[in-house]
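Both complexes shown next keep chain A, but they swap its partner, so chain B is in the first and chain C is in the second.
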Partner chain A sequence: MNMKAKSYVLNIAALLIVYIVLSLLISTGTFNSYISGILATTGIAIMMTVSLNLTTGLLGQLALGHAGFMSVGAYVAALITKSLNMNFGFALPVALIAGGLAAALCGLLIGMPALRLKGDYLAIITLGFGEIIRVVIENLSVTGGASGLSRITRMSRAFSEDANVSSAVQFSIIFWMMVVMIASIFTLGRSRHGRAIISIRENEVAAEATGIPTTYYKLFAFTLAAFFAGIAGGLYAHQIGMLSAKTFGFNKSIEYLVMVVLGGMGSITGSIISSAVLVALPEFLRGFSEWRLVIYSLLLILMMLFRPSGLMGTKEFSLLASWTATATTLKRWLGIKKRPTKMPFTPHYDVWEDSVVLETKNLGISFGGLKAAEGIDIQLKNDEIVGLIGPNGAGKTTFFNLLTGVYMPTEGDIILLGKPINGKPTHLITEQGIARTFQNIRLFKSMSVLDNIKVAFHTRMEYSPLSGIVRDSRFSSEEKGIDIRARELLKVFNMEDVADVRADGLPYGQQRKLEICRALACNPKVLLLDEPAAGMNPIETDELMRTIRLIRSRFSVAILLIEHDMKLVMGICERIYVLNYGRVIAQGSPAAIRDNPEVVAAYLGTTEQAQTAEGDLAHAEG
Partner chain B sequence: MTLFLNQLINGLHVGSIYALIALGYTMVYGIVRLINFAHGDILMVGAYTAVVLTTMLGLPFPVVVVLVILVCVLFGVLIERIAYKPLRSSPRISSLITAIGVSMLLQNLALLIFTPTPKPYPFSLNIPPLSIGGLQIGFTTVLTIVVSAALMILLQVLVAKSRAGKSMRAVSEDYDAAQLMGINVNTTITFTFAIGCALAGIGSVLYGLAYPTVSPTLGSLPGLKAFIAAVLGGIGIIPGAMLGGLIMGLAESLTKAYISSRLSDAVVYGILIVVLLFKPSGLLGRRTREKV
Partner chain C sequence: MKKRAWVSLVLALILGLSTLSTIVMAEDTVKIGGIGVLSGPYAVYGLAVQKGVNLYIEELNAAGGINGKKVEVLWEDTRGEANDGVLAFNKLVQNDKVVGIIGPVLTGVTRAVAEYAADENIPMITPSATAYDITTDRANVFRTCFLDPFQAVQMARYAKDEGLTKVGVIYDNGTEYSKGLYEAFVQECAAVGIEVVATESAAYGDVDFKSQLTNLKNTAPEAVFLPYYGAEAALMLTQANDIGFETRFLGADGIADVVDSIGNKQLLTKMTYSDHFSTQADSQMAKDFVAAFQAKYDEEPSVSFSATGYDAAVVLCDALAKAGPEMKFEDTIAAIKATDVEGVSGKITFDDHNDPIKSAFIMTFDENGNKLFVKMQNP
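And then the complex of A and B:
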């Protein structure tokens, strides 16, 4: 048995043992209703924490209104079971799903405007929305207004005459829903969709430039988290039996946020441990009655002071393995035949015959009254290496930002492969064939080198989030194919040995190389390099020159590079454009540019000034 | 019309208190980028200090006010030194959670020492209200508005003109560069906390005069609202906190009078959301864009 299979078996066995032991203890009455209540509360807290970790940990967006989504789910589910006149066993699943969907809808509606904000501002606006949900519920008559809803069917009573048995059923429902939720977030986190979400946390600008539709994925993660919170809310309503909007205020959201941070942001297993401990701890401290909350808050402060990144940091221990195994077994039992796996998925590659790949016509942008770029006409042919030089502040990076849609041009056109692309969002432009690197390296730092590359394959993969969660054949075939492609690409750059190293663990020169490699993985027709040699020593620069030549010979791509290192520019560029004050002042072969008086003037001042400057220099040296 | 004017004055009254507390949030945020969740609870500390000093020691009002301010400053500085300073280089979320922990600790200690039963605020000012053209304005209201306005002007002058104010602005612009220029960053941060808490101490007296019941959770609601006021005006910007506080107070009292008292929170949060959506960095904030 290999290691992988062993860990599947171990995980499933552990889950089953925990489940069987606890449900036996409950159904025989060894655990009284108080303890089984704590277990149920713990399960629900874990669901809330894990789902909040999706937004806060994986997506990296601080949200302070998570309890609002829980309340929407709770009220919707409770209203449904109260009004549906059918067997509780049938009504409950309907109610839970409806509650989840209602919460997801709220998440979508809130996320659309709110997710444009970042950091503390996002936190505050989600806090505001969370409180508004609470006030609205308090003022509606359907929800019982300020007095709330009561006499909701309780799971611990509804399933059997025997309270112990019914409690055991309640425990089973909560336990397995929790397992499914955790496993889904786990597997999703390791699919192309999860990589997209994490890449946003790591570096939003780079994610967009790598072809990730960041707005979509932010909204997706936020909505999914709301959906899970809604389901947890529905379970809560039917565990407690009554609802009051006050329960779901700001403090409740904070409570779950505390659990996420204590467990370690981004660590799902950390979330599980911390919510279990934080729910159980106050109960254990019950003996100290009034001291318990004081102790609790002291522990919280001490914990943060001594382990600021939480219990687990971003580490995990593996449970996802068991999910794959369960899925395969289930399929075998249900007789679902594995679809014949197509040979490893091959991403789609465009072929472009026409020689001009990128063209700008009279391109310009002004910020306020300042014209940062004006009337720029350039042409880039297939397989060409072209340099873009100019003094500091000449508008070189601005030009790159125009090409990649970071800035909207105020005049002129950008034509890529014969089609105009101005005004399109960055990720679509990347998808259509322009990839770039950045002046200050922007890698997905805490992801592995291999995953950095895989993010770039995102747009050319097809499987849905659901495929990613259940890990069907489509998922495995595409992931297998991408894995091979990504490793091949790394091999071209002699980086296959560091595939599993964290990106920020690489030396500087390799980080630059990885960024270029990631850009190439987007399958561009045009590669934009923004000062690739900045900060490199001469040996690294030499290697970079070899790399750029290698790229041109192996990948059919036009390269436009901004660089101040004249040895590099003159050494590898076939043509050079010179920019000054936002305009192209010269273009031509390296030799022609070197001797162009206007270019010399732009770098050293006008001829007279230059002469005086040189004279002064000579004088100073003399 | 009289009703409207009365509500306007009520709004200014509450708003001035929010503004005083909001200044503490905004100054601390401006300098260490921390949402100091425990700031509202300093208000509660101030209120209980007043209760203890009067009922147990029987001190007169002016002495109590001075001592309340001192105790608030002491608490603020201690909290900064013990709980926040060690976390300055950690992820910001860690200090946020610590702040929440400190807030819980203060509330629960108060619960333990003073029990949940509310106590009356030991002072009230029995001075007849001013009448201006048929309008009756309570003395406390006048006092609150005048004191807050004076303090805000004083603070603005302090920050703009004094040496300490310059250090504060420098540290908030760039922590490392300020250090390299020979500014004692630790002293400056402590000083900022001290000023914020002194304002909260005065705020607690004014709040106690307006709402004379003292309970362990007294600080959380005004704290939250003052914090929102700070964000509304543009967090980190001192005039923004004042503007935000006044807007919050006016919105609250006008909604209570003309729409519904139960919806006043919703209106307040609604304003916050609208402002953030259209001007994400607050009313007086400048928009910053990530450089690519």
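And then the complex of A and C:
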């Protein structure tokens, strides 16, 4: 039996055993309604925590109003079962889904403005949302106002005359909803969509530059978390039987946040364990209620002192393998054919041979009257290595930011492969063929080297989030394809043996290389390198020069690089543009640039030192 | 190593404590469940109930208990949360097999728990949940406090008796208590012919009421009805004084603890409110209660839920004694329904809706913030 199958059998067996044992204990009455109540409460808390972890852990955005979404789901679901005059067994699923959708809608509406912004805006807006929704519910007559909704059909009563059997049905519903929710978040987290979400947490700027539509994915993750919270709310309403808006206040949101933090941001299993413990613990401590709060707080403090990254950090206990295996088995049963492996990488080599791929015309930008760049005309041909040099503050990085859509040009045009691209968002520009690296390395640090590359394949993959969750054949064919391509790419750079290492565990030179590698995985026609040799020792720089030459010959890509290391620039560039005060002051071959007195003067500022500078440049050439 | 020692110390502590808690209680006692908010911001009400109940049980046990058996009250904390209240209820009923429940204390929690209590058909008496619907269609759920609307009606009649003709109202549209009182007060004013000249509302959690008070002031009412709890009422009295608003204030039982929150006690002399009990009540039983409470806890039963808690225990134990040795739920419920006993807050009988038929105590304060009993407002 291979590892995957073993883990599959183990996980499924564990789940089934837990389920069968608990539901038997409940249906026979060995576990009375007190214990089954604790189990149900715990299950709902786990759903809330795991879904909040999607926003806070995976996406990396602080949200302070998660209980607000729960209340929306709870009220909508309760109102539906109260008003629908049909069998509770039919009404409940309808109500739960409607509750989830209503919460998701709220998530979408408040996420749209909030998630466009960077920083802590989401925290403030969700905080406001949590309070607003409470006030709204307290003032609507349909929600029962301040007195809330009571006499909601309870799952522990509605399914059978026998209270124990009905409680067992309630347990089954909550248990399997919880399993499905957790498994969905697990599998989603390991699909292209999950990689996109995590890459945003790791480095939003780099994610956008790697072709990830960050706003879309932030909104997607946030809305999905709200959807799950809405479903958990619906279950809560039909478990407790009575709703009051105050239950879902700020404190409740914080309670769930504490559970996420304790379990470890980003660890689903950590969330499960911490919420189970934090919900069940106070119940076991009931016998000495005066000590309850003391012990509870003491545990929190100890936890934060000894495990500041939470119980599990970002580590996981594997449930994934079992899910994959279940999906595979199901597919076999259903007779779904295996799709051929889909390769995402189809480079367009010959089309643009020896022609201009990137051109700027009279490009410029001013920041409130200050002209950071003006009248820049450059041309890049296919397969060319071009240098962009200039003293500090000359506008080199600004120029890169203009090309990649980080800044909007105030004048002029950027033409890529014959089409104007100015004004487009970064991720679309990346998709159309400009990839870049950053002056200060921006990797997705906690992701593996291989996953860093895979993020860059995102735009050339097609499967939907749902495919990612259920792992259908489309998912597996594409994932197999990018796995092959990503490993091929790493092999070109002699990095295949570090594929599974965390990106921040690499030595500096390799981190630079990985960033270049990731940029190439976007399948660019133009590669922008922002000071690739910064911080490198001479040996690493030599290797970098070999790498850059290799890229050109292998990937048929035009390279534009900013660099201060004259040895590197003079050594590999075929043409050089010199920028000063936001203008191109010279262009030509390295030899011509080296001999250009204007360049030398501009570069060092004074004529006195020009001699020395000339000497430096000459030395570099030699 | 040090870490591990710490962690194991804590674990050992927890384990030790949980073993302690499971030590079997003495058998052959009558077990009653007590549910209330014993921690958190509303703990003052839960603790007051607990003191009242425990006092009666102690007296009862000293006098021989119920049919020779000692009575024991097992208390569970709700932290003011519905979910905790339900868990506490299930624990008491399922694990501890109690024969009756006193509590919960807060209306919201009681509303959730009452539903479960109805399923089990266990006798339950809340000493303090004042919302109307809690006992509706639930033959087993009773209360020893009067209702929100009842208090507002009594205050409106009191205002009429005082000869007032123009009143204003300010209420909190975020709490059920405040809204319920407001509606009943306005309705009764219309019935007895008092004009409500201004109605202002504030949101739950507001602390600045100056704009509403100014609006009220401009209509010059003879009194303003404040269906609030003490903390907010203290703010309002102070802020009204700040803006030079001279008028009388009327309130309900929530006002009782206002004295804890107000700096200028002088302002309290303008306040009149209705309460479930007064320590100055003149019945012998009330006098004995106040004295015994003073002796046991070294304080006055200033929160009136101590009295209604005491009465809830009186009613439940009286019914348990009549229900026979098995103390079957339905027998106890029937006995409660037929209750006709003297409690510290007056003679108690129940109407068709399981609400007590009793009088309201009209109260005010002297300039030092001491409570003064004004009169009994009879239904």
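Assorted remarks:
The definition used in the following text is that the second predicted complex is superposed on the first by the 574 of 622 C-alpha atoms of A that agree within 3 Å, B and C clash if a C-alpha of one lies under 4 Å from a C-alpha of the other, contacts with A are read in each partner's own complex, and residues count from 1 in each chain.
What we mean here is this: a residue touches a chain if its C-beta (ideal position, glycine included) is under 8 Å from a C-beta of that chain, and two chains touch if they have at least 3 such contacts.
These figures come from a predicted structure and were not determined experimentally.
When both complexes are superposed on chain A, chain B and chain C clash.
After overlaying the two complexes on the shared chain, residue contacts for A:Val258 are found with chain B alone; chain C is out of touch.
Of the two partner chains placed around the shared chain by superposition, neither chain B nor chain C is touched by A:Leu466.
In the superposition on chain A, A:Leu109 makes contact with neither chain B nor chain C. Of the two partner chains placed by the overlay, only chain B lies in contact with A:Ile124; chain C stays clear of it. Residue contacts after overlaying the shared chain place A:Leu10 against neither chain B nor chain C. Applying the stated contact rule after C-alpha superposition, one finds that A:Ile240 touches chain C and leaves chain B untouched. Looking at the shared chain after the overlay, A:Leu24 reaches neither chain B nor chain C.
Contacts of A:Leu298 after superposition on the shared chain: both chain B and chain C are touched.
Within the superposed three-chain model, A:Asn139 lies in touch with chain B and with chain C [touch as defined at top].
The single stretch of chain C with clashing C-alpha atoms against chain B, selected from 182-190, 254-262, 308-316 or 344-352, is 254-262.
When both complexes are aligned on chain A by C-alpha atoms, chain A residues 135, 138-139, 146, 291, 293, 298 touch chain B in the first and chain C in the second. For chain C in complex with chain A, the residues that touch the partner chain are 3, 6-7, 10, 13-14, 17-18, 20-22, 38-39, 75-77, 81-84, 86-88, 90-91, 93-95, 107-108, 111-112, 115-116, 119, 131, 133, 173-176, 178-180, 203-204. Residues 62, 113-114, 116-117, 120-121, 123-125, 128-129, 131-132, 135-136, 138-139, 146, 205, 250, 254, 257-258, 261-262, 265, 290-291, 293-294, 296-298, 300-301, 304-305, 308-309, 397, 401, 406, 438 of chain A are the ones touching chain B in the complex.
Interface residues of chain B, counted against chain A in their complex, comprise 29, 33, 35, 83, 86-87, 90-91, 93-98, 100-102, 104-105, 108-109, 111-112, 224, 228, 231, 235, 260, 262-263, 265-266, 269-270, 272-273, 276-277, 280-281, 290, 292. Only residues 32-35, 37-38, 41, 135, 138-139, 145-148, 150-151, 154, 157, 163, 240-242, 244, 246-247, 282-289, 291-293, 295, 298-299, 302, 306 of chain A touch chain C when the two sit together in their complex.
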